[in-house]
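The structure follows.
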Amino acid sequence: MHVFVINPNSTASMTDTAVESARRVAGPLTVIEGATGIGSPASIEGFSDEALSVPSMLAQIRMAEAGGAQATVIACFDDPGLDAAREIASGPVIGICQAGVQAAMVLAKRFSIVTTLPRSVPAIEDLVHRYGASQHCRRVRCIDLPVLALETETQHAFSLLVAEIERARDEDGAEAVVLGCAGMSEMTDDLTKATGVVVIDGVIIATKMAEALIGSGLRTSKANAYGFPRIKD
Amino acid sequence: MHVFVINPNSTASMTDTAVESARRVAGPLTVIEGATGIGSPASIEGFSDEALSVPSMLAQIRMAEAGGAQATVIACFDDPGLDAAREIASGPVIGICQAGVQAAMVLAKRFSIVTTLPRSVPAIEDLVHRYGASQHCRRVRCIDLPVLALETETQHAFSLLVAEIERARDEDGAEAVVLGCAGMSEMTDDLTKATGVVVIDGVIIATKMAEALIGSGLRTSKANAYGFPRIKD
Amino acid sequence: MHVFVINPNSTASMTDTAVESARRVAGPLTVIEGATGIGSPASIEGFSDEALSVPSMLAQIRMAEAGGAQATVIACFDDPGLDAAREIASGPVIGICQAGVQAAMVLAKRFSIVTTLPRSVPAIEDLVHRYGASQHCRRVRCIDLPVLALETETQHAFSLLVAEIERARDEDGAEAVVLGCAGMSEMTDDLTKATGVVVIDGVIIATKMAEALIGSGLRTSKANAYGFPRIKD
Amino acid sequence: MHVFVINPNSTASMTDTAVESARRVAGPLTVIEGATGIGSPASIEGFSDEALSVPSMLAQIRMAEAGGAQATVIACFDDPGLDAAREIASGPVIGICQAGVQAAMVLAKRFSIVTTLPRSVPAIEDLVHRYGASQHCRRVRCIDLPVLALETETQHAFSLLVAEIERARDEDGAEAVVLGCAGMSEMTDDLTKATGVVVIDGVIIATKMAEALIGSGLRTSKANAYGFPRIKD
Amino acid sequence: MHVFVINPNSTASMTDTAVESARRVAGPLTVIEGATGIGSPASIEGFSDEALSVPSMLAQIRMAEAGGAQATVIACFDDPGLDAAREIASGPVIGICQAGVQAAMVLAKRFSIVTTLPRSVPAIEDLVHRYGASQHCRRVRCIDLPVLALETETQHAFSLLVAEIERARDEDGAEAVVLGCAGMSEMTDDLTKATGVVVIDGVIIATKMAEALIGSGLRTSKANAYGFPRIKD
Amino acid sequence: MHVFVINPNSTASMTDTAVESARRVAGPLTVIEGATGIGSPASIEGFSDEALSVPSMLAQIRMAEAGGAQATVIACFDDPGLDAAREIASGPVIGICQAGVQAAMVLAKRFSIVTTLPRSVPAIEDLVHRYGASQHCRRVRCIDLPVLALETETQHAFSLLVAEIERARDEDGAEAVVLGCAGMSEMTDDLTKATGVVVIDGVIIATKMAEALIGSGLRTSKANAYGFPRIKD
């Protein structure tokens, strides 16, 4: 299998993190092809960051599919351009927020999400609502740290995440926690160990769901809303 | 007052239509500044068309505000990039779908929407849901004609619209109809006359809402989710 | 333009406040006609106060329209008799709660409302739900002061409002605050200055929306639910 | 027990119908006290009819409680003034729409409602939504006949009701039908026999629920939203 | 009348409590027949306890109806097997959670629920959602005590309940509280007295609703979803 | 990997169908262990069939986990006992309805479901609602054929399915169709070919999701609602 993992922002080290996570869990015959956003913001921390990262991402997905990719994982928790990507792709396109939320609905009755900045909280709440998980999601929390600090201040970020996950468990009654940023992916195991909470990372589960959909022979429906873009005269 | 009307697609004649509609209803002291998308698709007929039109639109809004624009109207019924635009703008940003839907909730108990292509129906349904109008919106309908045909086959489009509006009234019990494409704006009066139905055009009402918000001294909240984009190091 | 601002309660000084707010923001050619409820409670602080104020309000709206009023603003945050008023009116009828909530959905991702008495909280929550804004409204708060105290203990009320708006910002993550009583209208600017929060007053925005709807040539749909009352034999 | 059945409209023969239905099902020791609206419209066919009937209804409920009534049934399917009545009453106040809908949720997975005029359809849909039954209610239908025609053209109305109930069963998959007007109450048994469908009449079930709540020793909570109206200085 | 009160768990003393409550409020001519689950868990404290109690409960309901029972009350707040019971029964089947929630929606604008163990909180939240009461239910709370401790540590449980009901009133603004376990039934009056809050017990109100539905001549619809189970070849 | 596929009904040939489907898509190292319900109904066609199949299913899952199973697929589209199964299991438990619906939300904007009997329609609608997919699911349809007829009248069933899937596409605008019964699993490919529609089979995708969750190192959260059943004294 051939899964394309696109990090829509332009920070290559974050792509490395995501690709590593994906490779760690992928099947032995799965090729994980990673890519970094071109000309997009260094991190996605708001709606305009999202918007600016999508056009090049779409082009990259098209190229990856031309090169054999059978499914795409968008490795950013805001699921930027998810609908647009499904429109231009033939294979399944999986957003890590939707994948994380769907897994959480299977593994727990109630979960919380922990993201980076306060400004991302309402955006993620709206995604949760759109994915039909409002009844299951106790709260979207944040550690009030910029995305890139996950790399530059890893130890500090880790401590904040541990504290916030424990708050989710104790104050929200969260039975599982979804990590709200692709950059947290490599900490998943350590966070699980440190807190004893079921911690769900979107990159990991999205990669496995990509394999699952490929293995089921399923592709994006081209029937109507996700049909290929119309060619204008 | 200075209202910026941005048509996110690259078809200048559609901008003309929108600007004309806006000018027809704007107050005598209001300047309507129109602009056409640069390098964007000729029409917005799906999620990737939306995505490709947003980055240049954001730049244009920034420039318009620098030039004195006090509010922005996005003249495309998919409300592309609405959240992103609010993030980069200081003044209010109004999407014609949200404006049309809000007006419909004030003027009628139940309304339907008539758009162009079938593929746009689910996208608009999701917007209606997001704007909290699912209980009020009977149905999103379409005339199965591409956006640009509104200009090239105006008479045919008009007949289809009359028939679909009457179907909305008779089959859905719609008490008002919102036009689901900026390109239908100039037909509003004639559709009202031909059908006797309250027909709401998003460009018109969005322009007036822009004036209303400016006149109320209200601006986009910069507090959190719509705060200006963070500058990355 | 001719906008009718009806204060459904019988306290004339509250009408003055509302009319003043409306006039401050109305266009130069707009006539603001105010009226005070006749035989209705001195303030609207619950469902029966609402109910007792509606019949005379309906008669007043009918008379105002006969006298040339083109749109009506109901200047009470419970939006009493809103559906009934739309039924008997030809022009648009705007409730200040619905107007405030709609503006808040345009200007901010998340907002809170601050009203007077605790007993009004569930009523306003239900309005927010009915207007489709539950996902956007963080919380309905109150200062635990009767409506008329806004006039008799203005300074005290102002301090409580400042404190509650700041709590909305800090505890709820509210990016804007809607004032939950027409009697708070004249404090809007001072509350904005004192807190730095985007404060939305329903009277102001409803007046501007009334102008916007008149200017758009839109009237209440008389097709079905808001059709004029049937004459019984 | 003493149950007060108030018909908010001013047509005494409709009160008779409701009282007769209530008496037919009430316990042997229950006193059913009926009353007809004073100065209210001859029938409730819209929001302003509702509004005009509420103030006198509230006074009548107060008087009935002073005379010993332990619970109140509002015998109009629009549940006019339900919240206001609960505010001024000590005993439970039951709307026949809410009672009918609650019973339908217990007796069937999916139900439809059949009312009189098309204009009442959206109003009842909104009640269904407010009572939390949207997922259970397939459709609100109507026979397109004014309320008073139920009395003047009883046979015609009956035929239309039979046909519409059968359509609800066949087209909607309705497993039960709630009658959407108090004036249909006396036809309940015959409609059940004619169609074989479980037909639920709000007057009947509301009367029994009134007895049930009295018998449980339960009264309206006076704690906050339904607390007695505040006395203004 | 003949009402069957089935306690699905196997603890006979809890059946006694429920039957006693039911008899205290039942009409003078109503026979309350109680039964205890056979081979089921000693208490229902989770989804598998529920599942294990349903098959024998269904058999018992069938037998009770064969013996003349006209309605069934399931005396466990998780409403275990409610849909299945309705399918095999002819008479109405009432769950004490649904009954309690429906009564609370009639008697108060906002209510909270107090149950036993934390693990039951999400399950009850989901029931509240399914019964359409999410907008009315402030919070599902618990006293963190196993079900059977209500009998073995009655005094301790009572103190915890008083404290939690007061917290619901003070922190949630709950205007009524529904008791979230059949085993709390006999404390209802004392809890009401101790707290001054409207306390609603599901066993009591469900019993009265059973009488109400029998008295209305209503039975479970056998039309589709609640039709008798199909006999397989 | 070791995936346990439990068919909760007692028809072994249906287990064979499900196991075959699972094996066809499972990874080369995955062991698919199938099991048939013991003492349960021959098919699950309603709520009591569900209820009667759950207790033995729970025991079988416990045994399978003791025997090394790492995840469980419940191969019945009603997802019977899903919550209970998650409570007693350590590994993830996947219902084929939830899995099918989650996949459909990834692959299409709008989907419909086609099941067997009309009586299953409301039950599945409620599952769709509970899984947060109401906005995405156009309609739950049925072919009005008992479950076992899928085996005894395969050709007839196939024709009906083709016709109903095409109706879903043409009348509902469904962009994908989820098969609403485990017994349809083996027809998936042929239905896809015959209709050109994206047809999603729950057994297939649930099996792959089971592998995905195992491969992600994720297990059911034992923290609260899905904690192991409490041992009673």
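All chains are identified by letter, namely A, B, C, D, E and F, in their written order; residue positions are counted from 1 within each chain.
What we mean here is this: a residue touches a chain if its C-beta (ideal position, glycine included) is under 8 Å from a C-beta of that chain, and two chains touch if they have at least 3 such contacts.
Model, not experiment: these values are computed from the prediction.
Student: Could you tell me which chains are in contact with chain E and with chain F alike?
Tutor: Under the touch definition, chain E and chain F have A, D as mutual neighbours.
Student: Can you give me the shortest step count from chain C to chain E, moving only between touching chains?
Tutor: 1
Student: For the pairs A-C and D-E, output the one whose chains share more C-beta pairs in contact.
Tutor: So, comparing the two chain pairs, more contacts are at D-E.
Student: Could you work out how far the Cα centre of chain D sits from that of chain F, in whole Å?
Tutor: About 42 Å separates the centre of chain D from that of chain F.
Student: If you average the CA atoms of chain B and of chain C, how far apart do the two points sit, in angstrom?
Tutor: About 26 Å, centre to centre.
Student: Taking the mean of the CA coordinates per chain, how far is chain A from chain B in Å?
Tutor: For chain A versus chain B, the centre distance works out to 31 Å.
Student: Where in chain F do residues touch two or more other chains at once?
Tutor: Each of 83, 86, 109-110, 118, 121-123, 126, 134-135, 173, 224-225 in chain F touches at least two other chains.
Student: Can you name every pair of chains that touch?
Tutor: Touching chain pairs, listed by label, come out as A-B, A-C, A-E, A-F, B-C, B-D, B-F, C-D, C-E, D-E, D-F, E-F.
Student: Touching residues of chain D toward chain B in the complex: what are they?
Tutor: 118, 121-123, 125-126, 129, 134
Student: Using the touch definition up top, name the residues of chain D that touch chain C in the complex.
Tutor: Residues of chain D touching chain C: 41-43, 45-52, 54-55, 58, 81, 83-84, 86-88, 117-119, 121-123, 126, 130, 146, 148, 224-225, 227, 229-230, 232-233.
Student: Could you please specify the touching residues of chain B with respect to chain D in the complex?
Tutor: 109-110, 135, 173
Student: Could you list, by residue number, the parts of chain D that touch chain E in their complex?
Tutor: Against chain E, chain D makes touches at 25, 27, 83, 92-94, 98, 102-103, 105-110, 130-136, 169, 173-176, 189, 197-198, 200, 204-205, 208-209, 211-213, 215-221, 223-226.
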